[in-house]
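Here's a structure for you.
Chain IDs A, B, C and D follow the sequence of writing; residue 1 opens each chain.
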Amino acid sequence: MLNFKQYEGLPKNASEAIEQCVLANRILANEGVLDGFGHVSVRNPENSKTFFQARSIAPEFVNKEDILEIDLEGNIVTNTNFRAYGERIIHASIYKYRTDVQAVFHGHPTEIIALSCLNIPIRSVAQYCGMFYEPLPFYDDYEPGCGMLIVTQKEGDRVARTLGNALGLVMRGHGCTVVGANVQQMVMNAIFLRDNAKIQYLALALGEPKYLSEQEGRETTKAQYSENSLGRCWNYWVARAKKAMPDLNF
Amino acid sequence: MLNFKQYEGLPKNASEAIEQCVLANRILANEGVLDGFGHVSVRNPENSKTFFQARSIAPEFVNKEDILEIDLEGNIVTNTNFRAYGERIIHASIYKYRTDVQAVFHGHPTEIIALSCLNIPIRSVAQYCGMFYEPLPFYDDYEPGCGMLIVTQKEGDRVARTLGNALGLVMRGHGCTVVGANVQQMVMNAIFLRDNAKIQYLALALGEPKYLSEQEGRETTKAQYSENSLGRCWNYWVARAKKAMPDLNF
Amino acid sequence: MLNFKQYEGLPKNASEAIEQCVLANRILANEGVLDGFGHVSVRNPENSKTFFQARSIAPEFVNKEDILEIDLEGNIVTNTNFRAYGERIIHASIYKYRTDVQAVFHGHPTEIIALSCLNIPIRSVAQYCGMFYEPLPFYDDYEPGCGMLIVTQKEGDRVARTLGNALGLVMRGHGCTVVGANVQQMVMNAIFLRDNAKIQYLALALGEPKYLSEQEGRETTKAQYSENSLGRCWNYWVARAKKAMPDLNF
Amino acid sequence: MLNFKQYEGLPKNASEAIEQCVLANRILANEGVLDGFGHVSVRNPENSKTFFQARSIAPEFVNKEDILEIDLEGNIVTNTNFRAYGERIIHASIYKYRTDVQAVFHGHPTEIIALSCLNIPIRSVAQYCGMFYEPLPFYDDYEPGCGMLIVTQKEGDRVARTLGNALGLVMRGHGCTVVGANVQQMVMNAIFLRDNAKIQYLALALGEPKYLSEQEGRETTKAQYSENSLGRCWNYWVARAKKAMPDLNF
């Protein structure tokens, strides 16, 4: 019987935030949104000036002992020899500018890159992906010398400014960054942005789809972020990840 | 050796209906037609004014103890604290208007949403999907304030009227609803509607497909709903679900 | 270490033919070429007027005890209560007209149906699928009253005549039938026809592909049917099927 | 916890080269880049005039005892009855002309063949596939009589000359050949060439993508081949292969 305790909303302390961070890594790898690259993070509920993120390894194999604490300038707070992700500055900058954001995703789904290198804005075509009813902001202002990676404070801030108050942004030829008011929303946004990009791509190959109206978008977003809907999805994704990854033992 | 007893047609009592409801959930999740959302139901053979449906959890993990009894106004008959699906009213309204229907599916396959937001009618292009030889009715008359979800009695009735005597209907930007004269037909219709949408999509990207004629459609439907064909498919889907889901222990 | 004894070419007796028939069912299900429908057969090496084929169940679950012996008019020779596939007449008719054929496949891959309902001839675009260098014959002459299924002697003969000396034929809105000089060739032809249809489809969506020339086709066919190439593939497919299907215990 | 010792760069001796060759076979099969055909090789660190490659079996099942030593004319140095791959001459010729190359891949991914038979040059559209910023050379000069296979010294040399100093080349209707300065780079190049072809294909179906500039390509290549990035990917791919293939016991 599916255990409803798995869904708990915002973490009450650092330990719960670390567990949610591990689960987000595992879920997004298991659902095909993350592969060898990409990363997620969760703001520290005990100190809003730091966040939790895995060391530089593939999300599919992240465990609690791989999680580092990082501050909003991207400095590693944890006393460790582990290497952090180069692009942790994306997360740091967003947490600095967006006090409403408690979790961040950055990844490279195939359909999102395809639409990004055509500069086609991603926008809701499906009810269950209704949170993207406003076209996502687009980033193509890469710092020369960084290999299209966001690794400097300056570019991290530029990405955060491009994001503005949106749910995410698309980066040309690179992928996307998505935020959430909690880990569950961030995971939902990451999976459903990929799903919407796929459906939108299919529709665009045959014609011009009818996008969700602003009113439809607002209403579906509220429905999707309700405890009923978000909790059902989260429990589902956790149960699937645990079934596929028996080494995840909490 | 494949056990042919698994196919039994209409349930003889409530207990069998609940088992078939669980199997339909598992099969449709295992075949990729249902994911975190979507739901199925089976009319109660002991009381045609109620039906069985899982509580609000993902179909992949439904077990017998998750099944609720619901009446045709959408009231939960079972004495329980479990939450029901918000869109159970789709099922309730259809059972009210369509006395021939014993099972209902509602879900959101990718290709069906893509075609729906272009308002391209789904119609049989493949022999094995011949039951959709008449283009499915199309619904785009969402109640303001409900987030494109069918949750009011009034809209449930509108959906049922749009369905009319058809096998299913397509809902713009949302998905589809499919019915059956028994659970096995409903499961076949749900899987093959998805398959037909995929093949039709592929064909439309290159040209104008030759659809099945009305005569071809009528004949293939009869063949597909025969005990030989439907029983073979049902046994196959059950065997695959049981292999992939060892926790399903009946 | 991969066991090279698995590849043995033509069966020496009925018992080996039955084993190869089971393996072909399992391989083609495991490689995604067969699902709930479709069937394969192997000519009886002890009696060229009969062939072996599973009873009417899904190929993924076929075992030795499910194999029937059938004659070239489609009569079931085995003393059994099992039901045979309705379309066994396709196999019977081909064995009657084509003495060079020792194994037959009939199935419904997605991409083949999509191309078939556009009447786009399938033809080799890939070296490893070079055996289809002559466009496959096309069948769209269904007998009224049979639901686009080939179930009468008369239509079986018509299908066999359309096939002529070709490796296979495409049936509009239905699927394909493929033959082989032995089971291994039939399995290779079935998998690679599906693969070629997929690659050809992808190419046609962007432009006009360069097809293999007749000379290229002849040469690649010879190379693919060599013991080295065919044996390597067969051993690979058997090993994969056995890994995925532990119930297959010979 | 993910074991970082798995990434070791260039093999120190023949024994390590053989292990890396086995891992490359398993990884590329597990990631869907190799199937029944295709092959990889690793130059012998103890003798730059020979290289290691599996006997003629499917990559998914290669073990250490299947690895042969072959010289740069394609002669089998190992004292064995095993058969070598016919196309080993591709590898031999490249090792002869390209002293910087320590590992070679040859395979047939679907999307690469599709683009190849349209003669559409493959070129970086994604940051993580930035190493292909210069369009790959194209080969369509097959030796008559060889079935589009590269099996003669003369044609092996012609392929090597077409490759020139590039990272790989595309062969019309056949597939691709990719090289690396070490096994890890070769594996990354093989997987990401397939990925880039897929994303580029998707983009081309809707419009004209913005390709990576030369500067972007140079920078991303440097980032991708860094120990941090390449090591993370290699460890990820090894861990996934070991999880999926329990028979790989080193």
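Basically, a residue touches a chain if its C-beta (ideal position, glycine included) is under 8 Å from a C-beta of that chain, and two chains touch if they have at least 3 such contacts.
These numbers come from a predicted model, not from an experiment.
Separation of chain A from chain C in touch steps, taking the shortest path, is 2.
Of all residue numbers used where chain B meets chain C, under half belong to both copies. The two sides are thus made of different residues. Spacing of chain A relative to chain B, judged by their CA centroids, is 32 angstrom. Centre-to-centre, using mean CA coordinates, chain B is 45 Å away from chain D.
Within chain A, the positions touching two or more other chains are listed as 205.
On chain A, the positions that touch chain D within their shared complex are 35-37, 56-58, 60-61, 63, 65-66, 83, 86, 108, 110-111, 113-115, 117-120, 142, 144-149, 172-175, 201, 204-205. Remark: chain D residues 1-2, 124-128, 130, 195, 198-199, 202-203, 205-212, 215-216, 219-224, 228-229, 232-233, 235-237, 239-240 touch chain A in the complex.
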